[in-house]
Amino acid sequence: MKKILNNPNDFVVEMLEGLLKAHPTQLSYAGDDVHCIVRADAPVVGKVALATGGGSGHLPVFLGYVGQGMLDGCAVGDVFASPSADQMFEVTKRIHGGAGVVYIYGNYSGDVMNFDMAAELAELEGITVRTVLVRDDIASAPPERAERRRGVAGMVFAFKTAGAKAAQGGSLDEVVAVAEKALANTRSMGVALSPCTVPMAGRPTFTIGEDEMEIGMGIHGEPGMKREKLQTADQIATRMIEAILADLKPATGDTLAVMVNGLGATPPEELYILYRKVHELLTGRGLKIHRAYVGEFATSMEMAGASLTFMRLDDELTALLDYPANTPFFKQI
Amino acid sequence: MKKILNNPNDFVVEMLEGLLKAHPTQLSYAGDDVHCIVRADAPVVGKVALATGGGSGHLPVFLGYVGQGMLDGCAVGDVFASPSADQMFEVTKRIHGGAGVVYIYGNYSGDVMNFDMAAELAELEGITVRTVLVRDDIASAPPERAERRRGVAGMVFAFKTAGAKAAQGGSLDEVVAVAEKALANTRSMGVALSPCTVPMAGRPTFTIGEDEMEIGMGIHGEPGMKREKLQTADQIATRMIEAILADLKPATGDTLAVMVNGLGATPPEELYILYRKVHELLTGRGLKIHRAYVGEFATSMEMAGASLTFMRLDDELTALLDYPANTPFFKQI
Amino acid sequence: MGYTGQHVTEAMLRVCAALKAKTDYLTSLDQAVGDGDMGYTLGKIADALALYATGTPTNDLGKFLAGAGMAANKAGPSTMGTLLATALMRAGKAVMGKSELASADLAQMLQAAEQGIQERGKAQLGDKTILDALHPAAGAFAAALAGGQTVAAAGASALAAAIAGRDAVTPLRSKIGRASWIGDRTEGRVDPGCEALVVILSALTNAPGT
Amino acid sequence: MGYTGQHVTEAMLRVCAALKAKTDYLTSLDQAVGDGDMGYTLGKIADALALYATGTPTNDLGKFLAGAGMAANKAGPSTMGTLLATALMRAGKAVMGKSELASADLAQMLQAAEQGIQERGKAQLGDKTILDALHPAAGAFAAALAGGQTVAAAGASALAAAIAGRDAVTPLRSKIGRASWIGDRTEGRVDPGCEALVVILSALTNAPGT
C-alpha cells in the first residue's frame, strides 16, 4: 500500500484535523467530534439547512461542498463506511436555522439506515427533516429498478442547485423540489482503470489487468458491471454518452450541464480529452451545453478512471446552477 | 500504460481542444494554434501582460492559471517538452496591451532557450519583455548554486501575486519586482511514491519499490535526489518542512503562505494529513500561516506524491495573495 | 439454570475475539462483492464491544444489550454494523429488566434480532443477505428448544442452519445493497453478511464454525 | 568534387531514419537521467525534417539548412531539439548562398554548429552534454581534412572522436540541465545528448555507430 499516512486507523481523523486547520474561516465542527463538519457560520438563521454524509475517501464528496451557496453540514464516516446516526443528528442540530433540514445523500444502505435514525431523533426535537436520495448511477441498476441505483458524482448538481435555492431564501418544500427536479434530470456512469486501497484493509479492493477496464464502476472500489479490454478515450466517452442519453432521453435542442469527473488518479489532461468527445457528440446531436465541469468532484482515493454526468436543465435549474458558491472545494464566481 | 487517450501523439492537441471547448468564455488561442492559450479577452489594453509556458503534463500548471487576476497567456509544449519560440512569440503578440510583457516560467533549459528567442523576436516588434525565472525547488541544487534550481509549484505564488499587481494597474517594473520578491521568499520540496508515464514513451519514467519513496522529486518524473524507505506522513512532512525552513530561514513571528501540492495520484485526504503536521510544526515554531492551499497545483500526470511550498509574506505580498482571481483552475473570491 | 451477566459478558467477548480473528477473511469477501470495509468495521465494533463488555454493569441484561447496540452503532455504522447494532438493541428490548436469561429468552432474542434486521434493512429472504442465514438459524434454535433439546444442541442446530442458509444463497445473485450492483458476478460468491453471522454463532456456541 | 543538394537531402533523410530507429533507446537514456521525452522529441523532429527535405528546394543550401533548423524548432523545441535546430541554422548560415559544398564547407558547418550550441546552451566542456561529443568530433574532422584525408576518412575520425567523447564523460556527474538535478546518480550513465550526436554522425558517415 503506497499512501502518505501515519497509522491507517487514524486516517480519517487526521484528514479531518488537517482540513479544519486549513479552512478555519469556512469550516467548523459540532458535538465535539471532527466527523461532524459544519459551516463556520452555522446555523444560518431562517435559511433551510442542507446536510449530507457518507463514508470518507471521496473528496471533495461529501464535506467539500459545505459552504456558501451549497451545504450547511456533513457527517463523515470512516473510509467507505457510513457515519453514525448520532453524528448525523449532531450535524442536524447545529445547522438547523429554524426553517427545516434537507438530507441529500447517496443511496447506500448504511447511510440510509443511519440517516433515517437521525431523522427520527431530529423530529423528536422538533426539527423538520426531509430526505432526498441520490441515485444517478445508471450502471448500478436498469431503468425499471431505478430506485435501487446508487448515488455518485451527480449529487454535486443536487447540492449546487438545492443549495442555491436555499441561499436565495427558498422554503423547505421549494428546496426539496429543486433537489428532486435536479436529480430526476441527472444521470451518471463511470469506468475504472485501476483499483484503490482502503487504508485499513491495506490491499487493493480488486485487481485488474494492464489492458483491462471496469465498466460501470462506482466510487467505492466495488467491481463494476463488467470487465473489458481497455478502449480509446473516444470509445470510452462514446459508450458512456450513449448509455446516459438512452436513459435520460433528452430532446433535440435541450440544454445540459456536463460533468467529467476524475476518480482520483486520472490526470485532468485525460479528462479534457474525454470532454472533447463529449462536446463533439452532444453538440452533434443538437444538444446545448450550458456549463462544463471538468475535474475531480467525487473520487475513490487513488483509483484511475472517470465518470460522466449530464443534467438536463430548465430555466430554473440553469439560474440555480449559475448562482455563486464558495466552499473549500467548489468555487463559482 | 493505463491512460484514457486516443493516439498518444494527439494527447496534447486533444487535451487543448477539450479545454478550449470546456472554457469558451475564459480561454481562447492565438496564431491559429491551440498551443498558444490566451485569455478570451486578451489583450487587456494598458495592463502589463503576464505569460508563462512549458511542457504539458502538469495541469493546472501552466495554462490553468490563465485568467483574471493571474496570467494573460501561456505557450504549451508537448508532454515535458518546451513549446517553440514561435509559439511563445504568438502568445506575446496577442496579449501585449501596450504596457509590456513579463515572462514567468520554470528554470528548464529548453524553456529558457526558447523564451529567450521569443523575447528577441518580440523586442524586434517593439514589445518590451522582462523575464523572471522560477527556481523554488531546494532539492535540485544547494543554496550556493540556487540559480541552477528548477521551478516547481512555487511558481503559482508568483503568478498569483504578480498577476494581482498587474490587475491593479502596476507598471512593468512593479510587476517584475513583485514576482521577484515573491520568488525570493518562496521555497519548495517534493517526494514521489510512484512514477508517471509520458504517453508517447508508453512506459514509466522510473521504477520504484513497493516500500520506497523518492526524495526531492521534480514534476517531470525525473528521479529525485535519493531513494529511501517509505516513511509516515508525519515523518515526510517534518523532513520537508525542516529542509525548507533551513533554506528560507524565516524569523519567529513571520507569516507564511503554505501550499501542499499533490503530484497527481495522491488523494486530497493524504494531502490534508500532511497539512495537519505542517500546521502543527509551523505554529509550534512561532510562525503564522496566513493562507493554506491544499490540492493539486502542479502535477506530473498520474504520479503519486506531494510537495510543500512556503512563501514568506510581507504586507504587500499578503494583500496581493488575497486579491481575487478567476481562472479555469484557480478561483479565489 | 439461567444465563447470568457473566455468561453473557463472556459470550460477547468470545464473539469479539472471533470477529477480530476473521477480519481479513471478511474483508476479502467484501472486496469481492462490495467495498472491502466489512472486516475493518466489524473489527472496530469488536474492539468497542470488548471495552463495553468489561466495563458495563449487567444487572439489567436488557439494558446491557441495548447499550451494546448503541456502542456498536457508534463504533462501526456501516450496513453490517448498523444491522448488528439493531439486532443487539432489539435483543436487549426483548429481555429488558432481566438479570438472568432462561433458554426461552435466548430464542426470543434471536427472533427479535431477526425482526429488527428485517425492519431496518427491508431485505426479503432470498435477497442474499445476513437474513438468509439468520432466519433459518433462529427457526432451528427455537424448534430445537421446543423439541426439548439442550441449549448446546439447539445452538449447534442454529449454527448448522446458518451455514446451510449461507451456502444455499451462495450460488444466487445478490438482490439488495452494494453487492446487487455487480449483478451476476455475485453468483457463486459467499455473502459477507452471512459469513459474519456464521462467525458470530460459532463463537457463541464455541464451535469451530464454517 | 562537391556535395550537391541531392547529397545533402539524402544525408538528412539518413539522419532522420537513424533517429527514428533509435527513439526507444534515446528515451530510455533520458528516462534514466532526465524526463524521458528525448526519443519522442527527436522522432518528431525527424518526421518534420524528412517532410522538409523531400519538399524544399536545395538551390541555396544555406537557406535549405537554416529552414530545416526552423522546422526542427517548431517540431520539437525541447532542449535537445532546440540545440539541434540552432546547429542547423548556424550550419546553414555558414554556407549561405552555396548550391554545392566543398569538404572545407563541411568542417566549417560542424564548427558553426558547435559554436551555436555553445552560445545557445551556455554549457562548458565537461558539463556532460552533447558538447562533450561534438567538440572533439568537430576538431577531429577538421584536423583529418587538414591532414589531407578524404571526407569519408575524416567522417570516420569524427565519429570515433564523438564516441570517445561520449564515453569519456559517462563516468562524470552532469553539471547542467535536468540531469544535473539528480547529482551523483548520473555517474556511469550515458548522456542522452551525446548519444544522439553519435546516432546522427553514424548516419551521416553511414557507419554502424556506437
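Labels for the chains are A, B, C and D, by order of writing; each one numbers its residues from 1.
In this section, a contact is a pair of C-beta atoms (placed from the backbone, for glycine too) under 8 Å apart; a residue touches a chain by one contact, two chains touch by 3 or more.
Fair warning: this is a prediction, and the values are worked out from it, not measured in the lab.
Chains that touch both chain A and chain C are absent from this assembly. Of all chains, the one whose CA centroid is most distant from that of chain C is D. Chain A and chain B have Cα centroids lying 29 Å from one another. With centres taken as mean Cα positions, chain D sits 32 Å from chain B. Centre-to-centre spacing of chain A and chain D amounts to 54 Å, using the average Cα coordinate of each chain.
Contact of a single residue of chain C with at least two other chains is seen at no position.
In chain B, no residue reaches two or more other chains under the touch definition. Taken as a contact graph, the chains are arranged in an open line, each linked only to its neighbours along the path.
Which chains touch which is summed up as A-B, A-C, B-D. In the complex of the two chains, the chain B residues touching chain A come out as 2-6, 11-12, 14-19, 21-23, 56-57, 59-60, 64, 193-194, 210, 230, 232-234, 236, 264-277, 279, 292, 294, 296, 299, 301-302, 304-306, 324, 326, 329, 331-333.
On chain D, the positions that touch chain B within their shared complex are 27, 31-37, 39-41, 44, 73-74, 76-83, 86, 120-121, 176-178, 180-183, 185. The touching residues of chain B, counted against chain D in their complex, run 55, 77-87, 108-110, 113-114, 139-141, 148, 150, 198, 200-201, 203, 205-206, 218, 220-226.
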